[in-house]
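Got some structures for you, see below.
Each of the next two complexes has subunit A plus one more chain, namely subunit B in the first and subunit C in the second.
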Partner chain A sequence: MELPKEKLLEMYKTMVAIRGFEESLADAVTDGTLPGFVHLGVGQEAVHVGVCSGLRSTDWISSTHRDHGMILARGADIKRMRAEIFGKATGYCKGKGGSMHLAAFDKRAPGCNGILGPSQTINNGIALALKKEGAGNIAAVIFGDGAAHRGEFHEALNLAACWKLPALAICVNNQFAISTCVDDVCAVEDIAARAAAYGIPGLVADGNDVMAVYEAVSETAKSIREGKGPALIELKTSRWRGHFEGDPQPYRTPEQILEDKKKDPIARFAGQLLEQGVATEVTLQALKKEADQELQEAIDFTDRSAYPSEEEMFTDLFYEEGRNV
Partner chain B sequence: MREITFIEAIREALRHEMSLDENVFVFGEDVGGFGGCFGVTAGLYQEFGPDRVLDTPISESAIMGAAVGAALMGLKPVPEIMFIDFTTVCFDYLTNQAPKVRYMCGGQVKKLPLVVRTTSGGWIRAAGQHSQSLEGWFTQVPGLKVVMPSTPNDAKGLLLASLRDNNPVLYIEEKALYGTAGPVPEEEYLIPLGKAEVKKEGSDVTLISYALMLHKCLEAAEQLAGEGVNAEVIDLRTLSPLDHHTLAASVQKTHKAVVVQEAYEMAGVAGQVVKSIMDHSFDYLDAPVKTVAALDTIIPFSPPLEDAMLPSTGKVVQAVKEILG
Partner chain C sequence: MKPVGIIANPASGKDIRRLVAYGSVFDNNEKVNIVRRVILGLDSLGVRNVFFMPDFYGIGIRAMDGLDVSLEVCFLQMEPEGTQDDSTRAAQLMNELGVACIITLGGDGTNRAVAKTCRNTPVLPISTGTNNVFPAVVEGTLAGIAAGVTALNSASDPSFVKRVPRLEIRRSAQLVDMALVDVVVSEAGFIASRALWDVSKIREIFLARAEPENIGFSSIGGLLCGLTSDSGKGVHIIIGEGNCRVKAPIAPGLIRTVPIKQFRVFEPGEEIPISQTPAMIAVDGERELVVKQGDRLSVALNLEGPRVVDIALALRQASDKGLFFEPQ
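Up next is the complex of A and B:
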């Protein structure tokens, strides 16, 4: 593995941290303490960590509604993440965005979008600004197989290609758009094949293999940085839980889910690390313990945090000179 | 003072701001070398080059998405949507995206300088999909300002103010006003958003309108003057936020009001103005407040039908006579 040991161990820890974070949210849904609904990315940790590891911290990355993991992988503050999901004033968005609209601009993560499609076109505007800036940074956007069927997918890729933008489109194909299987609504085997229609590179990678994701993203990002224009990567993976937490999933069998779980990206990465002597069982357990501790601190922080005051209802609605610079 | 047309006034504001601020850029369908379908951006491509004046594919979502992304990054995009009727295919960006991004991220982004230029109105014999006045829809969107000038002077001053506002602004240009000329100062001046103007002082009745209908109201006031009725005429200029103060001051003086809009009658700006009058001036009224608007049907192509369907000076005079008794 070409990455330094510390980086690999950090990637492993982040994957474990994301799973713990997501599972703690599932528990909160079960016990009724989490307001609204959440879309959990359990099983997709390799996507989030692989993508973020393949990008630079100076790149931008935005995404869709199933991406607590992506923002955590970006290095966002787990406390403010959790507080936001519980609608607390200490959250990243002061409790005004919630799970579906998390954003961490300090990590150049302008966030999730509750509407499927716009993040792809908005990414072009970010990429245009980065192109003008000329510092070699790129704008990446994650979206699902479902959002690949919006007109905006086509509009965005075509414009990005025409303007030769430093934009990377990453389709996370987890096989289901809510209940609808990709096989039933996609006319091609690989969504990445559509790249040909825009004259840009399109490649498929195993979304359950964090190193494969890392390599696909870092290699593609390199070519985009060189000014070769946008690209499309499709990461094939699966989600282990429902579309939203509590989804009874009548559209697939428990056996299918068990099959997906056999491809566990965390177990797979752990195997690779052990096999190649990068880590021992003891090291991996210690990393999990650290992640669990940080999660507990985030839970305590959220519980201690207050809800926003009523005045917050009208702040941030408009920019007013001198008031909110 | 020199006189220029409405179109020239808009172009002058764009050119002025583009010269001052290299972050301002114009893009949309046919806005480049062709100069825009109505000629508003004529010459800008030649003057500022392809990085500042960009042609796009017929992809309104991609146009608006790029605008939102660029604004997030501190650029000052001025996208053009050729007809307000076409905002239907990028409605999400004008309702769910641009107006919400600052609020939903809890103010992590401060300024969102984004001025969307579009055109509206009838009398060009283009039937139901190129003739509508849809401004009322957008006044229902928190976080979006809606501006609609009636004269070349206001077109320049309001556009400059919009470009400096650092909030998403929908700037609507009435097509039938494009060729009208009027005095416009050569130097820079800003007309504050959210401020209506008393165009003609009067004591017997207040006529409230904007854009082309403002001129119908002025004509009506002139006709009424010949019959001994001294009408006050107010130009809203900004439809959101509404200037309740100017409305109240006038209606409390005249005790009667007629509100005129070119849009369909149902649920539009006129209805909201009536509500403002009810809220602030009910006790001062000597007669019911009347509205004059387009009839609630689809704008027909056939010229006599279109003329009968849209509001006219005669209908305004008639409404005033009805409440004068």
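Up next is the complex of A and C:
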């Protein structure tokens, strides 16, 4: 359960890197250099880093369209990440996945899904394969509070429980499904309480505390690895920006956003590291500087990279006989 | 008749011990049901006013929805923050309002939060948490009736209200924190998911309660010393090889062999220093306090803890006095 100092500092740096990466994307949307829909998870860094730190590198994980943080926390190459989002040929999916459909198979992140809900049923398929493989790996899937109100949520939990799949469902409750507040559409206070209906463990953790997330995920993953079947974790957090970049957010007040920002997961973790004597202010500043430098290198890499050629338009789109994806 | 306060913690009974142990899930809808039965019990004895702690889920609002009772409810004027401080602030307000007693729905942690500020107001605890030593597993209807009995007797000093001890964590004689059941010193680095379940990380334990029938870390002392709930003594245990081993239920379904280096019963007022730093201190089951290297903290037992309603005794005394007889 306890993590070495190096790992804790790496987690902090990853959180800072994700924040910087996403804020740079917001700037790019604003200045018009990044077209299309971009969904940012600024304020949810503890979720992504805590979840990925609690899993093994041999586990699988998929997510939603708010996926940049998860893929980066999984250890993906920041240059290829940024290039992908900007549609460059050097990106993870040769520029054809973009922000909403990132995949990094080398990091066992098989795909993020802009259609919310089905990712859980897809995850059951991965979990079934892992169960048959028998190597003790698990399949985790991240989805939001909105997806938890869809039928697939219940169908997937039910089947995962019936088949005792090594599946971990992680509901990131950031309070809003696009513009709908969870309080207005959820009959129970905790989405995790729904786990009881399928006879599986369900627990709530503070999604703004990276160590709480890490502990919840690592302990749950351990239980799943022991063959005890699937589980549901609900991470309560908030997103600081709109559903998408450009969302005017008429559904919440600036004061509410300010309140959410008071729970800044990065500042909180920094405070914990300082209090524990794991790091000094100088160490934390140096880690931020490193992250900023790596981001700048990713920006330069993306700018230098070419768009995919016309001939690439229809490659990698359909199943090809004999090709093992 | 004095009003009665109700503090129902919407966060109790949901922590990681549902996973790492076999703790039952206490859904808020069940808390609503319990509160309904409490209200019906209070109403049956003629309690006129009830104060609720407001919470995000609206346990009180939902409990009153469609309930046919004569009493009036009022929600405290406070903004809930969704933290344990809500219970602490609510208890303070209820004490200032002069309630006859505060009914709590939660675990040891909830009652600790209430005990910080309830002062002389009796607490009537109903268990809805995990490792519960302080609150009783009791039917809500009976708890409501017992609270009504307390309200009827609030002008006197009824013998069914008993003062219980508390553990005080002190730094240079200054009170830093308190616990109703246990103070556990561990090597855990972060507060994280708050609960403690890994025995290998625990260094020492201080207990205000050590009965063999308890669950949680209190059970270790209970199995070693077997004190009674009114013993007025504490137990200090140093974890490690050397003396003996005890098989104890440290959480629901989690029975662990705990190595005991040394243990002893201690008297109220005796200050015992926390032997190793840095450390993480858990109070009543929740990691709460980071102790830095060289920080000199001590633990002492104070018999002047909160006043608690003995539900069974309250009902028996009321029955003996014929309170429940009605004229034909």
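Throughout what follows, the second predicted complex is superposed on the first by the 316 of 325 C-alpha atoms of A that agree within 3 Å, B and C clash if a C-alpha of one lies under 4 Å from a C-alpha of the other, contacts with A are read in each partner's own complex, and residues count from 1 in each chain.
One rule holds for everything that comes next: contacts are C-beta pairs under 8 Å (C-beta built on N, C-alpha and C of every residue); 3 or more make two chains touch, one makes a residue touch a chain.
As the structure is a computational prediction, the values presented were derived from the model and not from experiment.
Using the contact criterion defined above for the overlaid structures, shared-chain residue A:A193 touches subunit C, although it does not reach subunit B.
When the two complexes are overlaid on their common chain A, residue A:R56 makes contact with neither subunit B nor subunit C.
Looking at the shared chain after the overlay, A:L203 reaches subunit C, while subunit B stays out of its contact range.
When the two complexes are overlaid on their common chain A, residue A:C162 makes contact with subunit B while staying clear of subunit C. In the overlay built on the shared chain, the residue A:F318 is in contact with subunit B alone; subunit C does not reach it. When the shared chain is aligned, subunit B comes close enough to touch A:G95, but subunit C does not.
Of the two partner chains placed by the overlay, only subunit B lies in contact with A:E152; subunit C stays clear of it. Set against each other, subunit B and subunit C differ in how many residues of subunit A they touch, and the higher count belongs to B. Of the two partner chains placed around the shared chain by superposition, neither subunit B nor subunit C is touched by A:R225. No residue of subunit A contacts both subunit B in one complex and subunit C in the other. Contact residues on subunit A toward subunit B in their complex (touch as defined above): 91-97, 101, 103-106, 110-111, 113-115, 117-118, 120-130, 132, 139, 151-152, 155-156, 158-159, 162-163, 315-319, 321, 324-325. The part of subunit B that touches subunit A in the complex is made up of residues 51, 54, 56-57, 59, 61-62, 64-75, 77, 92-93, 96-97, 101-112, 142-143, 145, 165-167.
Residues 10, 14-16, 18-20, 25, 27-29, 56-57, 187-194, 198, 201, 278, 290, 292-293 of subunit C are the ones that touch subunit A when the two sit in their complex.
Within the complex formed with subunit C, the subunit A residues making contact are 1-3, 183, 188-190, 192-193, 195-196, 201-205, 209, 211-212, 214-216, 219-220, 223, 231, 272, 275-277.
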